[in-house]
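One structure, pasted below without further comment.
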Amino acid sequence: MRIEYCVGIDLGSTTTKAVVLGDGARVLGRGITNSRSNYDVACQVALGEALIHTRFSLIQERLRSKDAAATTQAFQRRFRAEQYRSQLEALDATAHRLAADAPKAVIGLLDALLGSMHEEIDALYSHDAQRKSDFFRDLAGSRWMELAGTLSRGTPGAFDRLAGVFDKAILEVENSTEAVGTFDQHARNALRSMPASGGDLARGVDAVLDLELVQVGSVGTGYGRQRLPFPEGRIRSEILCHGLGAHHMFPDTRTVLDIGGQDTKAIQVDAQGIVTSFQMNDRCAAGCGRYLGYIADEMNLGLHELGPLASTSTRKVKINSTCTVFAGAELRERLSLGEKREDILAGLHRAIILRAMSLLARSGGVDEEFTFTGGVARNQEAVSALRRLIAENYGERTINISPDSIYTGALGAALFAWRDASRSSTKVESQA
Amino acid sequence: MSMANPTTSKRPPAEARKDESQERQKRMIGEHFHELARAPQTGRKCAYTFVPGNLTELLRSFDVLPVLPEINALQSGMRGKSRDYIALAEKLGHSEDVCTYVKCDVGMLRSGNVGPTGERLPNPDLLLLSYTGCFTFLKWFEILAQEYDCPVVMLHVPYQGDGKITDAMRKYVVDQLRSKVIPAFEKITGRAYDEDLLKEHLARSARAEDDLVWVLESAKHKPSPIDAYFGGVYYIGPIFSAFRGTEAAIGYYKELRAEVEERLREGRGPVIPDGELEHEKYRVVVEGPPNWTSFREFWKMFTDEGAVVVASTYTKVGGVYDFGFRHDPSRPLETLAEYCMGCYTNLNFPSRVDMLSRYVREYSADGFLINSVKSCNSFSAGQLMILREVEKRTGRPGGFVESDLVDPRYFSASNIKNRLESYFQMIAQRRGSDAGPTAGPTAGMTAGGAR
Amino acid sequence: MKSAHGNSNVTELLARAQALHHDLRFENVRAWKERNGGLAVGYLPVYVPRELLWAMNVLPVGVVGGGDQVEIIRGDAYYQSYICHLPRSTIELGLNGALDVLDGVLFPATCDVIRNLSGMWMMQFPDKYVHYLDVPQDFDTGVGGAFYRHELLEIAGALEARGARPLTDAALRAAIAAYDANRREIEALYELRRREPWKVPTHELYLVLKAGLVLPVDEHTMMLEDYRRLVIRDDARRPLDQARMLITGSFCEQPPIGLIKTLERAGCYIVDDDLVAVHRWIRGDVASLAPGQPPLDALVEAFLRNGVPSAIRYIDQDKKGRDLVERVRASGAEGVVFCAASFCDPALLDQPMLVGALDAAGIPWTSFKYAENTGQFQVIREQAGTFADSIKLWSGA
C-alpha cells in the first residue's frame, strides 16, 4: 500500500524544520534538526525525522488498545534508543579511525569512554529519564565531555585529545545519513526489546512498515539564503509560508508576528491566509531573538531562564536601546548602578516587544485574531509584555500561540506543496 | 540549477548588441570628462554644481563646463572606489551618520581628485551652490569651499511646502539669478550675460525633454519596452548632467526614442544586464534612489523575478517633465526658477504621495517599492508614511527595502533579496496565480536518516 | 521677601520649570487659551519669529520632541533607525493627542527631516494649520529679505483666517519689545554664568530656558528675572575647580537633562552653549533695527543681519568657524564639547569644518553624540571627565 505525502521544509538560521502532510492536508509528522553548514544534509535529516514521526502517528492510528498513545510512546523511546545506538556505533568507528595514531593510553580511555556510553543507552531512554535534547550531537556530546573529563584525570593532554576527536567525529556522523540507519531496522530491534507489548503493536508496526511513503510534493523556505537546496519553482518566501502556516493553525488569524533568532516579521493575512502586507526588521538584528541570547550569555543564564526571572520584577527599568552590539555594555552599566537583574530583564523584554510593535504598526496594525510565532513566543515575559501593549494600543485581541509554533513556516511550505501537488494531479487527470 | 531561468534569456550575440544609444551616451559622458580634464589647458571655466536645480543652459551660455559631484560619487560607487573614499573621509573626521555622497566626494578629492574615467577633474572656478531639495548640498559646498580658492554663489531654491510655486517664490529665485548668479558667471568668465544665447539653449532643452518624456511614458505599454528605474538612470544621464540644452542631447534622445519605438513595435521587453526581459511578470513603481555599489546585483534581483520597473521617482530628481513642464525660452529666468522648484525632492509630501499614486494607476503597476537609502534624509525621512498612504490610495501593496547610495556596508544582498522575493511572491499570491511554476512530481526532496 | 512675581526661592522656581518641562500634555497652554481666547501654534526647532505670533495673540509653543519622557510605540513605525529621534517622538505626541491643544504647527527650514515632517503633519492632521517656514539663505534685504517678509505676511494672513487677531504695527511693536526684554534677560543670565558659572549651573538654566518654550513671553521674562535675582543672592553657591567648556551642536534635538548634569559632575562648567537655541537666535534688540520703518521690517532685518551663525545657515567660506572661535574667546572657555544628536545632518556635517577652525586656533575639543532619550551616560562621563582633567592639567602647567 502507498501513502502519498507532501513535505514543507523551513531552513532556519538555527534549526531546520520539516512538516509532512497526508491526504486532506492532515499533519502526519514533524521533524527538527540543528542547521549546519551543509544545508542539504540539514534538510534531509529534518525530513527523515518528520517521516519517522509520520510512521509513529500511523502506527498509533492502527493500534486498537485503549492505551495506544502510551504504547506508541514506549515504542518510540525504544526506537530512539536503537537510533542512538546506531549513531553511537558510527561515532565509535569514526572516533577510533581518527584516533588511530594516538598514544595507547588515549585509545584505552576512548575504549572505556565509548564502552560506558554504550552501556548507558537503555538508561538514557528509560521511561522516567529526562533528556536535555533530542539531537544526537547534544546528547552524545555532553556525556562524552563529562566522561572524558573524569577518565582523563591523571593523563596529561588526554582530555584535549578526546575532545578534539569528538569535534571531528561528530561532524562526520551528523552529516552522514547512513549513521542514522533505517526505520525498518530500528523498528524491528525496538519491537524485539518489547516482548510484553503483544501482537497489537507488532501488527501495527508491520502494517506501517509495509506502507510505501511516496513524496508527491515538496516546498522549501528559509531565512534569506542566497541558495536554498531546493529545486527552483519549489521555493516560497518565508513570509508567505508563515502567513499560510499561521492561517492553517488558527483560521481566523489576520495578523502574524514572528520573532525568530535573526529577524522579526509582521504579516497581515486575509481570510484565505494570503499575505496582504508585511514588514521585517531593518538591517540590524536589534530586538530579535538573538538579542536575548546575548543577554543570557552576559548574565550567565540559560535562554529559558530569562523570562521567568524577568517576570519577578516589581520595577521595570526603562531600556532605550535594543542594539545587540551595546547590549553587554548597557547591561553591565545598569548592574553597576545597582539595578536588579529582574528589573533590567523586564525592561529588556519590553524593549524587544516595542520594536515588534513598531513593525506591526508599519505592516498595518494588529487585527483580530493575532498569532504569535517563533522562539520568543515561548518566553512568557515577552508574551505578557506583548499582550499588554496590544491591549493598550489596539484593544482586546485574541492572541494565539501554538506549542508547535516553531513549525509554522514549514507547515506553510507543506501546504503550498500540497496545493501544487493537487493542482498538478488534477491537470494530469484532465489531460488523461 | 538544471532548469534555465524561465523569465530571462540571453539572446544570441548578433541580437544582444548593446543599444546604440547606450554606446552613444557612454561616449558623450566620456568626452565630457575628457573636456573637463583638459580644461586647465584649454582655459575653459568649470563650475561645480548639483543635479537637482542645475542651471546647465545658463552655464553653457557662458561656455562654462559643469562638474557634478553626485555623479562623480555614484560613478565611484559603481566602480568599487567608494568604500575607500568613505573610509578616508571618516578618518578625516566625517561622521558615520551622514551622507555618503559627501564622504565619497571628500575622499576622492583627498585622493587626487581623479574622476570616474581616470582623468583628473579640474579645480572649480566657481562653486554654484544650488540649494535645491537637499539640505546636505549646503554643507557639502561649505566643505568644498574650504578646499578650493574660488568664489561660491548660493542659489536658495525655496521648497514647495504648500505644494505649489507662488509668485514670491519665483521672484526670489529670479532675483537671486539676476543679482548673484549671473554676476558671478560674468566675473569668472569675463563675458556679459547673453540672454539670446540662453534662450537658444532653453529651446533645445525643451526638444530633448519631449523625447525623454515619450521614452519614460512608453512604460505604460504592456509589456513595457523599458525599465524606468535601472534602465531609466541611463536614460536620464545626459539630460540630468552636462547636456541639457545641447545638440548632443537632442541627438541622443531622438535615437533613444527611435530604439524604444522599435522595441515597442516588436513587442520586446527592456534591455537588462544579461540580455532582454522576455516575460514581464510584475510591473512596479519604485521610490528612492538606487544603490550604486551593487547596482547590477540589485537590478538582477528584479529581473530574476520577471519584474519591470515601469515608473520611478528617482528619474525625476533632476527635473519633473512628465506633468507638462518644459523649459520655456520666452521666459528664460522664470523657467529656470520653475525648473529648480519643480525637481522631485523639492516637492512636499502630499505631492510625492500624489505622484506615486498616479504612477501606480497610470502605469498599471502591481505595486510599488521603496528603496530607502540611509544617506538621503530628503528622500527617506517619512517614507514609511508614504508607503502606507500610497497603499491606502491605490489598494496596491507596497514593499520596503533599505540600502545606501554608495556605502557598500549598507547593502545586505541576502536581506534585500529575501524581501524582494517575498514581495513579488505576495503579489503573485494575491493575484491568485500563486508563485512560480510547479516542477514535476519527481523532482522532490530526499529524506535522510531512518527512511 | 517674596517677589512680585511669586517665586521666593530657587527650588520652587525650578520645580515649576521642571513641571512645565515634564508636562507633555501642555496643560499651561490649554489654560492660557481658555484665559485669553487666542490660538496656540507650535513650532519645531530651531527658529521662528515668535514676535509675529504673539502680536496676533497667538501663543507660540516650542515643540522639541518628547525628550526622555515619552515611550515610542507608534513613532518608530514612521522612521527608519537611521533618522534622528526628535521626529519620532514628535509624531508620537501628535498621535497620542498631546498636541491637540495646538491650532497649528510651524516647521522652519532646519533640515530635510523637519522639512519632510511638515508634509507628514499635513497628511496626518488635515484640520490643523501647518506651514513650512522657508527662511532665506540669501541675506540681502531686497532679495532674501523680500521673500522672508512675504513668508511672514502669509503666515499672518493664514492665522488671521483661523481667527487670530489681525496683525497691526502697534501690536507687533509691543511683541517685539516683549521679546527684546526676554532676550536681554537671557543674555544677562548667560553673562552671569560666564562670570560666575557656579551661580548658574547649566542644568538649572536649561530648565528655565525650556520653560520659555511654553510660557507666554512676559511670564517667562519674570521667571528669568526671579531666577537671576535669587541665584545672585545665594551664597551657598561656591566656586569649584572645574574646567570651562563651550558646548555646541545641540541646537535642535535637545539632550536629556541627565547629560548636562553628567558633564557638570564630570568637572565641566558650561560657559556657553546653543541649547534651546530659539531664545538666542537673534543677537541684540530687534526694535532698533529699522528705525522709522514698520516693525515687520525690523523683524526681517533681525533675521538677515543679527541671526547667529549656525550649521543651518549658509556661511561664506572665509567666515566658517570664526564665530565659534570668537565665542570661545568671549566666554573664556578652555575647550569645546561637540555634543550633537545622532543622525543630525546639520550638526554632524558642520563639525569637521568647526574642528578645523578650533585646531587652527589651538582650542582643545572633544565630541560625542546623544539622543533625546539617551539613558546611559557612563561613556560620556568618562570622556568628559578625562577631557576636563586634561584641560585643567594643561592650564595649570
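Every chain is named by a letter (A, B and C) in the order it is written, and numbering of its residues begins at 1.
As a convention for this text, contacts are C-beta pairs under 8 Å (C-beta built on N, C-alpha and C of every residue); 3 or more make two chains touch, one makes a residue touch a chain.
Just so we're clear, the structure is a prediction, and the values are computed from it rather than from any experiment.
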Greatest separation from chain B - chain, by CA centre: A
Chain nearest the overall Cα centroid: B
Chain centre separation (chain B, chain C; CA means) in Å: 37
Chain A and chain C: spacing of chain centres that average the CA atoms, whole Å: 54
Separation of mean Cα positions, chain B and chain A [Å, integer]: 46
Multi-partner residues of chain C (each touching 2 or more other chains): 77, 80
Chain A: positions in contact with at least two other chains: 282, 362
Per-residue multi-chain contacts in chain B, two or more chains: 384, 402
Chain B-touching residues of chain A, taken from the complex the two chains share: 7, 9, 41, 43-45, 47-52, 83, 177, 180-183, 185-186, 215-218, 220, 223-226, 230-240, 274-280, 282-283, 362, 364, 416, 419-421, 423-424
Chain C contact footprint on chain B (complex, rising order): 92-95, 97-99, 102, 129, 131, 134-136, 138-140, 142-143, 145-146, 152, 154, 156, 158-159, 161-162, 168-169, 171-172, 175-176, 179-180, 348-353, 372, 374, 377-378, 380-385, 389, 402
For the chain A and chain C complex, residues of the former touching the latter: 282, 284, 286, 318-320, 330, 333-334, 354-355, 357-359, 361-362, 389, 393
Contact footprint of chain A on chain C as seen in their complex: 68, 71-77, 80-81, 371, 373-376, 378
Interface residues, chain C side, partner chain B - complex: 77-80, 82-83, 87, 107, 109, 111-113, 115-120, 122-124, 131-134, 136-138, 140, 142-144, 146-147, 150-151, 154, 311-312, 314-317, 320, 342-346, 348-353, 355-356, 369
